[in-house]
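First chain written, first letter: the chains are A, B, C and D, and each begins at residue 1.
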Amino acid sequence: MSTATDITLAPSLGATAGPKLDWRRGLIITGGLFLLLCLVRTLTGADDITSGGQISAAITLAIPVGLAGLGGLWAERAGVVNIGLEGMMILGTWSGAYFCLAFNSPWAALVGGVVGGALGGLVHAIATVTFGVDHIISGVAINIIGQGVARYLAVIAFTGKGGGATQSPPVPGFDTIGIPGMTGLLRPIESKHWFLISDLAGLLRGVTTGLSWLTIIAILMVPLTFLVLWRTSFGLRLRSCGENPIAAETLGVNVYRMKYAAVIVSGGMAGMAGAFLVTVASSIYREGQTGGRGYIGLAAMIFGNWRPGGLAAGATLFGFTDALQSRQNSSVHALLFFVALLVVLLSAWNLWRRRWLQGGIGLFIAVLLVVWFFLSTTVPQELITYTPHITTLLVLSLAAQRLRMPAADGVIYRRGQGG
Amino acid sequence: MTAALKRLLPGLLAAVLALVLSLIITSLVLLVSGAQPLFAFGQMISYGAQPDSIANIINNAVTYFLSALAVAIGFRMKLFNIGVDGQYRLAAMVAAVVAGFVPLPPVLSQLVTILVAVLVGGLWSGIAGLLKVTRGVSEVISTIMLNFIATGLVAYMLQRGRFAVQAAGSNNIGTPTIPPSGRVAGLPLIPGTNTTIFGLIILAVLAGVGYQILVNRSRFGFDLRATGLSASAAVASGVSVKRMTLTTMIISGALAGMVGLPQLLGASYTYSLDFPAGLGFTGIAIALLGRNNPIGIAFGALLWAFLDQSSLILDLNGIPKEIVIITQGTVVLCVVIAYEVVRRLTLRQQQRAVGRELATDVPVAEGAAA
Amino acid sequence: MALRGITKRFPGVVANDDINIEVQRGTVHAIVGENGAGKSTLMKILYGMQRPDAGTIEVDGATVHFGSPQQAIKAGIGMVHQHFMLADNLTVTENVVLGAERLCGIGARARRRILEISESYGLGIQPDRLVEDLGVGDRQRVEILKVLYRGAKILILDEPTAVLVPQEVDELFGNLRDLKAEGLTVIFISHKLDEVLAVADEITVVRRGTTVRTVKPSEVTSRQLAELMVGSELPVPQLRTDAVTDKVELSVTDLTVPSEHGRPAVDGVSFEIHRGEILGIAGVEGNGQAELVEALMGMRPSTGVVRLGHGDISDWDTRQRRTAGIGYIPEDRHRHGLLLESPLWENRILGHQNQKPNISGPWIDRAGARADTERIVAEYDVRTPGIDVAAASLSGGNQQKLIVGREMSHQPRVLIASHPTRGVDVGAQAAIWEHLRRARTAGLAVLLISADLDELIGMSDTLRVILRGRIVATVDPATVTPEELGSAMTGATDDAPTEPAGGDSADRSS
Amino acid sequence: GGTTGTAGGGSSTTSVKVGLAFDVGGRGDKSFNDLAAAGLDKAKTDLKITTKELSAVVGESDAAKAARLKLLAQAGFNPIIAVGFAYAPGLKEVAPQFPKVKFAIVDGAASDVSGPNVTNLVFKENESSFLVGVAAAKATKTKNVGFIGGVQTPLIQKFQAGYQAGVAAVDKTIKVQVKYLSQPPDFTGFNDPAKAKVTAQGMYDGGADVVYHAAGGSGSGLFEAAAASKKWAIGVDSDQYATATADQKQWILTSALKGVDTAVFNFVEQAGKNQVKSGEQRFGLKENGVGYSTSNPAVKQYESVIDGFKTQIIDGKIVVPATPAS
């Protein structure tokens, strides 16, 4: 019955409009994927895939993406699309570095980065909320302006002080903290390469050691965002502006103010990502160091179905694959095998549901991947670099149809037009 | 004629206003950082007006124009092709490979090169189109990812032993140099300089005219605009939005495929490491400036290229030339804001006119605001 | 509560012109008037959503100034809007507490309070459901609960019954009487004059933005009331001659439209329309009418067979269907009928992008389209200063006339008219009816969907009732009364004079 | 070739106006732009010159580079130095238009641009990389070393090739991990210290205990990872031991030096004396144009071995490859 429905609704591919992804299913799926990963690691011997170093690298690379994604979430939950996150992040890197150097403290970088990004957010809010400019257009303009302002200010602020147009002098970083003794305890277990046990040890070591304060703060932003947006009246008001601003208006919600707040917070989050890049991920401001992470944050947010938990999963996936490709070429090669297994499982599911065509195509792809895996010893370096982007695209094309964005996302709202 | 002028006037006014506003903002930034705005602008204008500079400005504008056109056709139906950048780079790379490796007689060679570029650009953007119509993936995200992936593909091809050659001792690497029979000669249009104008300016002009006719005069263009103005109304009128999306995305990519050609066939003759990058993003900004209209885009492209070129002189005078990036960004933002304001005012004025028509007996209050 | 000298101008329109109304505490005060008379605008002013250009509002004798709904809410005013003001993706609780979080928070306490109110007024609210899963009746009750939750003393109900069937209306009126008994003041707007007469203590008639008179229901008949509203005789929808032929123009067999949540939106519907016949479909909104129309237009995937004349067009897309001669007057003209920002002549092309006089070859024929637009404007009395103004600047009725004119210009064989006179003033209404009649005489087959039962009964040759996606009854428009039709629409079929629906669905209709 | 004599007869009393066009990054990039700047600064103090510096922006066209050079030439600067091979097409266009102006291009080979008034200052980075490869091979305990390239271009591959050859010359069994941070035309690999840090950490975790970078501005990421892991890093272009922060310094074993500063200084000096030679000037170990740094005492113990190889290279007994064996 539902099969018939599915096919008529999406005639092109007969996609599955399955049940909604709640957090329980999410956990089960994550656990399953992790097990599969352990299996692949054991079979291929690409032991770095679940090592502690890989995990902490994944965290480092996931955080700017995740923060940008949170920025996107805040704005879009209030109905404003923010493609200007990249520009706001760039502002965050500059102002983070500038404040950090001025006050000689990484905490100043945090404040500075947030403020810098929030200013970018303010511009976006003025354009989209007050003047009703198309959100994407304003975002694109802000990306250009952000880059220009940062360059200009870098010339002024850093030239002659050990930096220049494209970089700042070295910036003091945060101290790292962690649970003492974990490395000593877990390292030996990891090096045994036992199935699952060593993997869990690696995972644990990755998340308990070598963390900076900003890392912890950034991670906390995820539950904090959830609490604020879903458990406070402020959050309810904010979300109502993304679902039905006119209804919100009739109930006395000041929609403009909410949207302003959301977009400014959004910019602040992106700015924090910038500060993170400057102080934790590296310890310097470099032009272009954001490297498109703002856009990828947006993708993570969409991947996460406009929810903090899903977004964190998306950012982690990106960070994980990025760390994978950055660290060891062999890991990416093993990833081929992982994807092949995954496709086999999906195809089996499709075949079981009697979707012969999709199942067949899936199996064919899986066979190709396996053949590629066994015939090669490595994936071309040029393509390895873009593993995360390919992954994002693949995952989105599998998942996009289950997603639901806020009903009034991107819709231009004007006060007093309701009724 | 006057009616047409009346229709265009608000838009023009908005553009001028926005330009002035962004110049004011730029001046403020300059003043704050201790430079003399008038001096800076004076220098820029006098340098920008030299024959050499004019030739360079036109050449850059040709490229920008094509890029903006590619973006604009998507914008007309609310399709955001952020991937022009990847599309043109990949297209130029493949076209350079074909032109460099396959010797063909003149004319045929150029035609084949252009065709290849157009095809590659269209195919690459078609992926995003296909993902959108079949899988519902937002084209904004997919084109951004495809930009990155295109970089990987270009890098893969641009290696020794694949499609690239490297001159002895050189630190550069590129596709084989296109033989003279495959090039497009420059046109000595600007007196007083030996810098020629890209011969492919003709391609740009043709593309612009074609765009205008296609979008504003053809049935296809009507469907396209209708979809952009109201997808739901377009569907009800019989437009297949999926087909339109895919087609428009492909056309946009095909236009994007042309972006690298003037440079490739008119100046560098090879796709090498220093082939210009990032033109797709410039195109977005210029499409916005030009309001998705070829004439507007042409002006926008010239303005952008003028700022690029004339800013070179600033460094010579100790003013950071990065200031023009701020100008460029603010002018885009100001222009879109100004257009929006003008659009609202025009609509309100029209409603008022309709009201007068309908109820001449009721006094109409001018300036009553909602 | 009193409104004195309220004046509100919009660009080109004076929506309210020196309005004076006094409302006694603890009464139900009805406001009636034509479409566009300015009722909603007045209420929005009272609710602080819009600011009057002149005039004052008094509550309990004191003059108040509302800059925003929040201030109105504080003064004890609550409003249920003409269109639902709910966020679909939020739960009932979230929708209710939004903006009033201070009262009971947004958590368990608020939920309890909602249940309490729901119980004491018999609203039957389930606080944890998503609004998108609710039907229209439930949504209306959520709207009322929203107002009650805020402890409003003055309730504004703007056309609360437009989407309700008579039985639901009765329930609502029961609720209103309870509220009145508790000392609440109700301001009630409706086009349905008998409802107004039944429930109101006082009635104010508004015409062209000004108050005409305030009357007691006991003093007037609905006929007199209507004449006060329009200032002239009311036109009646009526078919004068029989034009039905025996040639089937459109036949639909077993049409099923799947929906996203399990049950099909349209379920095995079959019917035929002959040349010269108007087939009316009656039904409470949301019972599959919109989906049926969209499926017939090829805008929505469906199964079953659709034949136009003798040809099977089931697999055709929208454009093919339109080209083959199916005209379409959409329910929501702003969403489906017009390009609001485009000039009239471009809107004239819309839907007929591949037909003369709009095109020549692959090109748009501007001159042809413009000339024909001028013709439509003249023939259909579209009030506009020219054909270059944006469609958005026309009033709703004139927009509708343009659409009707456009659809009629291509000699359609079948016309699918969805709420063709919704939100259109009486003059335009009569004109549109006249056009339908004329086309029918010329052999047009019409599928008419409307929420206006008088219109349905008066304009249809045949009348079917749709309920939960199925045709559940066929009634004779010559004999049926609106009340009986209303019963049939809600499924209370026992006492309605219905015949079993043609074909398959009779046994499944309970 | 030879010099084109100018009127004034090259006495050092007339002030020389030197124009310098930087590649993207400009002064302050802590990389080879800064090296060129250092050469210029030295010339400024030692010789009597005035200077003007302009720099490129990301993604600009060859025409913009040409315009920049032209601007300098028109403003009376002579000689003019273009930093980076990306200036080759622009220079090709401009040099013939100003036959009296002397141009130098850093990293641009004669096969890219040449002319009677063009001097190509090119370096044998593979030779210096060879030497630091030897140092790495000597210093490694795990028989596992790493190389991080910023962007996978021929120039950076030259570093890789030399390094790998150097390591292999000491011990063929030593594993060399190679990673590039980005692919052309995406040049962010020179600007992404975060990525470099992760990559370096990955190499250290993967068993390497010496990692060499040729990644421009991303290099600071390597030093951070090295300091955190307490393993060796090798710098590039300039003596990065001298410019690194206090805690990182000690882990920078050595740096592969590229004598852009000397080359620029010499060129300016020759121009002042009107003794400029046009054509390609290749700076290798023999010309003392490249080398390795010894400021970190830790490298002292390997100096004799390294210098041994150095002599062999200078003598031509070892020919260092310029492209990686694939």
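Keep in mind that, in the parts below, a residue touches a chain if its C-beta (ideal position, glycine included) is under 8 Å from a C-beta of that chain, and two chains touch if they have at least 3 such contacts.
No experiment lies behind these values; they were computed from the predicted model shown.
*Asks:* List every chain that touches both chain A and chain D.
*Replies:* Neighbours common to chain A and chain D are B.
*Asks:* Find the chain most remote from chain C, comparing centres computed as mean CA coordinates.
*Replies:* Farthest from chain C by mean C-alpha position: D.
*Asks:* With chain centres taken as the means of their Cα atoms, state the distance from chain B to chain D in Å.
*Replies:* Here chain B and chain D have centroids separated by 36 Å.
*Asks:* CA centre of chain A versus CA centre of chain C: separation in Å?
*Replies:* So the centre of chain A lies 44 Å away from the centre of chain C.
*Asks:* What whole-number Å value describes the gap between the mean CA coordinates of chain C and chain D?
*Replies:* 75
*Asks:* Quick one: which residues in chain C touch 2 or more of the other chains?
*Replies:* In chain C, 50 touch at least two other chains.
*Asks:* Among the residues of chain D, which ones contact at least 2 other chains?
*Replies:* 55, 58, 152, 182-183, in rising order.
*Asks:* I need the residues of chain B touching at least two other chains; which ones are they?
*Replies:* 148, 151-152, 155-156, 159, 322, 370
*Asks:* For each chain, which other chains does it touch, given as pairs?
*Replies:* All touching pairs, sorted by chain label, are A-B, A-C, A-D, B-C, B-D.
*Asks:* Using the touch rule from the top, collect the residues of chain A that touch chain D in their complex.
*Replies:* 48, 51, 53-54, 57, 60-61, 64, 158-159, 162-167, 170, 173, 210, 277, 281-284, 286-289, 291, 322-323, 326-329, 381-382, 385
*Asks:* Touching residues of chain C toward chain B in the complex: what are they?
*Replies:* The touching residues are 9-14, 17, 50, 53, 297, 299, 317-323, 328, 330, 335-342, 346, 349-354, 359, 362-364, 366, 383-385, 388-390, 392-395.
*Asks:* Would you tell me which residues of chain C are touching chain A in their complex?
*Replies:* Where chain C meets chain A, its residues are 40, 44, 47, 49-50, 68-70, 73, 79, 81-90, 94-95, 97-102, 105-106, 146, 258, 260, 262, 301-303.
*Asks:* Enumerate the contact residues on chain B facing chain A in the complex.
*Replies:* These residues of chain B touch chain A: 29, 33, 80, 131, 133-138, 140-142, 144-146, 148-149, 151-153, 155-156, 159, 281, 284-285, 288, 320, 322-326, 328-330, 332-333, 336-337, 340-341, 344, 370.
*Asks:* Okay, in this complex, where on chain B does chain D touch?
*Replies:* It comes out as residues 47, 52-53, 56, 59-60, 63, 89, 148, 151-152, 154-156, 158-161, 166-173, 194-195, 263, 267-268, 273-279, 308-309, 312-313, 315-316, 321-322.
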